[in-house]
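What follows is subunit A paired twice: with subunit B in the first complex and subunit C in the second.
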Partner chain A sequence: MKSFIALLLIGISLQVSAQGKYFTRNGTITFFSSTPVEDIKAENFGVMAILDAETGQLEFSLLMKSFNFKKALMQEHFNENYVESDIYPKSTFKGEVLNLSDIDFSAPGTYPVQVKGQLTIHGETRDVTTDGEIVVSEKGVALKAEFPVKPADYKIEIPKVVENKIAQEILVTVSTELEPFKR
Partner chain B sequence: MKKFAGIVFLFIGISLSAQDDGESLLDLLGEEETTNYATASFKATRIINSPSIENVSEGVLDFRISHRFGRVNSGAQEFFGLDAATIRLGLDYGITDRLMVGIGRSTVQKAVDGFVKYKLLRQSTGKKNMPITLSLYSSMMINWQDWPEPERENYFTSRLTYTYQVLIGRKFSKSTSLMLMPTMVHRNLVDNTSIANDVYAIGIGGRQKITSRLAITAEYYYVLPDQIEEIYTNSLSVGVDIETGGHVFQLHMTNSLGMMDKQYITETTGEWGAGDIHIGFNISRVFTIKDRNKDKVEKKKEKDDW
Partner chain C sequence: MKKKIFILAVVVALGMGALAYYQFQKPVSSIADVDPEITYTSDELFAYFRDHEKVASQDLNGKVVQVSGSVVDVLSNSDSSTTVVLSSEHPIFGVKCRFEPGSLEDTKPKSGQDIRIKGICTGMTADVEMNQCIYLKK
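On to the complex of A and B.
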């Protein structure tokens, strides 16, 4: 009988750890700037992300230099002149899922979520709240969200000459698959 | 009892693992060390006349218009040199991020030239550490002027000169970059036997950023003594680089009229002290021919199909 209880408890504890953390080291975040003159898109395939399914804590981190642009010179200017990647190599997001109780991590499906946290770009930290989706599947969870970022909020200077080529509000798209985290 | 103890330990284990959530969850993943390559040490692929350690990226075509006016000491009638125009048109292309080729046509000596530049070492920190960038540069120039002595037998090979350079550079800080350029120029035909066919020189160049879009540049080539005629001097050029989106505008003063390697290294006649200075500019306009991220994006998409 005692050994049965022990087994049961072990079973429960395994269940708990199965609902633990999800992570990735190669998530995708893209941004898109659209103006009548020029559309600019950049993709980053090396995003680190971790989600704690128990507490709802959610964190992202990426290297600014890993954003790929179609035009090499644009990529150089982005790093050199705009986000100053040598001084501020990383951007991070630290936040939490507000409606964690709505999500059943054991039942595959798509769950709408609200996320709130602090976004740090170019050394400046701002509060960000956005709607998104968590897709639970056999393999793990996928995080999807879209939200606008204003370069001016993060003290990213855009000179007059290119003012009409870079949007005042840039759309950031998160589409990242996380797998269960095992120690 | 032993089993009970086992269960207790199990719980302790769980509670411990529940407690060690540190400051950042991401710490759990650990830091993957990456290599951080120095970029944009110079704004253009040439400092002024001299090649820089920068390459055009893969799939990028760079159209370069280089222009030199006459000497500023030529007087008011010549509008201080602005009446005269010497030009080199060039097309450079990046085969890979480290290998570029280019062709050009100059007014001076009706010359046609071609070159190859390969980045052998890249300055980097992090996983791979490399203090300098080192590029190999080789160019050939064809002098297409009429033969000075058409009555004698002239060979096509006599029109050719070759330049070989090792470009060693380092970006010391965000705004300061320096370069050293050991150089050898080989001329198939020279005026007389007392002049060397192979000329050795060493160049030094640099750029200092003033703002993110404006920089001061300078370059100087020292030709080792007793190799070229005494009428020739060392090339010294100073300028500013102005960057606007897809253009780089380089404005400068130089004592060299020719813009191709063998012309400015071995055939500069101007003396700075005497006011034999040419005002000049280079305009660089880049065109993206090939979407170099296409492969990367497709690879990623294939992987994501789940």
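On to the complex of A and C.
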């Protein structure tokens, strides 16, 4: 993420056009776990995302401690026991839009996309490919996607005493609006 | 005597059950009545994380921090909460403060305004992030 941002800033300092770059610092990502015992939902409204419309490069970064839960104990267990956010404070995604040529960023509309990249959670990195949508409007672009994440893939250990309360596959939803990057 | 002990045991068990239920169901509490553990300007806080991110994270993440600074941006989030960005030496990034929905209705800050807030520090992506923020009136 820092390398992408650095390149963005170098481009701006050299007065290379920043056109084609979209950015947000308050994107939304939620995750949802559903079991017969309990449904758990957490929301993060501070997601940072950058999309380079010229290369298709796409990056997300968020802080695990910025996930909001309804119940205090759930938030505490999530941070202290499951994702160990003191040790692994961030989650990142670095990837690209595979079918960039299908998108006309000058024509408002909804474009189905396929995105591939590397997702890092709890210090573990996995390849992820998912379908989604890019919605182009006069304001900017909205990114939408839903994909499953298995806590076990990221070495997130769920204690046996609560394993029936947490799904083996968590649904992650990305719904983020980016605006043209301007200094 | 045995009957009294039995009744007492039932009452204690019910009490403990009620306490456990309350603990499990208790919502995330507001920091309105919590004093900040430390105070920074937004320049200082950003510089601390920029220059010593690991140390700053260990030092401040999860703690109530008071921050003062100049507003550079006010953003509406998808859940009707508000994010206020405070300035730093960096041309783009600074201290990002999220306020719960409705908590800024009468006092929404404007760009260029100097404000004081307290909130829970959650770390740094490119901005330093503060959550559950409360606006401190002068």
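We take it that the second predicted complex is superposed on the first by the 163 of 183 C-alpha atoms of A that agree within 3 Å, B and C clash if a C-alpha of one lies under 4 Å from a C-alpha of the other, contacts with A are read in each partner's own complex, and residues count from 1 in each chain.
Here, a residue touches a chain if its C-beta (ideal position, glycine included) is under 8 Å from a C-beta of that chain, and two chains touch if they have at least 3 such contacts.
Everything numeric here is computed off the predicted structure, so don't read it as measured data.
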Quiz prompt | Combined model on subunit A: subunit C and subunit B, fit or clash | solution = clash
Practice problem: Please indicate which partner A:Ala72 is in contact with in the superposed arrangement: first for subunit B, second for subunit C, both, or neither. | Solution: both
Quiz item: When the two structures are overlaid on chain A, which partner does A:Phe45 contact: first (subunit B), second (subunit C), both, or neither?
Solution: both
Quiz item: Should A:Lys90 be classified as contacting the first partner (subunit B), the second (subunit C), both, or neither?
Solution: second
Practice problem: State whether A:Lys144 touches subunit B only (first), subunit C only (second), both chains, or neither. | Solution: neither
Quiz item: Touch check for A:Leu62: first (subunit B), second (subunit C), both, or neither?
Solution: second
Quiz item: Looking at the overlay, does A:Pro159 come into contact with subunit B only (first), subunit C only (second), both, or neither?
Solution: first
Self-check item: Residue contacts on subunit A - larger count, subunit B or subunit C
Solution: B
Self-check item: Among 21-29, 57-65 or 237-245 on subunit B, the segment whose C-alpha atoms clash with subunit C after superposition
Solution: 57-65
Exercise. Using the superposition described at the top, list the residues of subunit A that contact subunit B and also contact subunit C.
Key: 2, 5, 9, 25, 28, 43, 45, 48, 61, 63, 65, 68-73, 79, 86, 89, 177, 183
Practice problem: Would you mind writing out the residues of subunit C in touch with subunit A in their complex? | Solution: 23-29, 57-58, 61-62, 75, 77-79, 81, 83, 85, 91-93, 96, 98, 120, 122-127, 129, 131
Exercise. Please give the residue numbers of subunit A that touch subunit C in the complex, ascending.
Key: 1-2, 5, 9, 25-26, 28, 43, 45-46, 48, 61-63, 65-66, 68-73, 75, 79, 85-86, 89-90, 175, 177, 183
Quiz item: Can you list the residues on subunit A that touch subunit B in the complex?
Solution: 2-3, 5-6, 9-10, 13, 16-17, 21, 23, 25, 28, 43, 45, 48, 50, 52, 54-55, 57, 59, 61, 63, 65, 68-73, 76-77, 79-81, 86-87, 89, 92, 94, 137, 139, 159, 161-162, 165, 177, 181, 183
Quiz item: subunit A touches which residues of subunit B in the complex?
Solution: 3-4, 6-7, 10-11, 14, 17-18, 21, 24-26, 28-29, 32, 34, 36, 39-40, 56-60, 174, 212-213, 243-246, 286, 288, 291-293, 296-297, 300, 304, 306
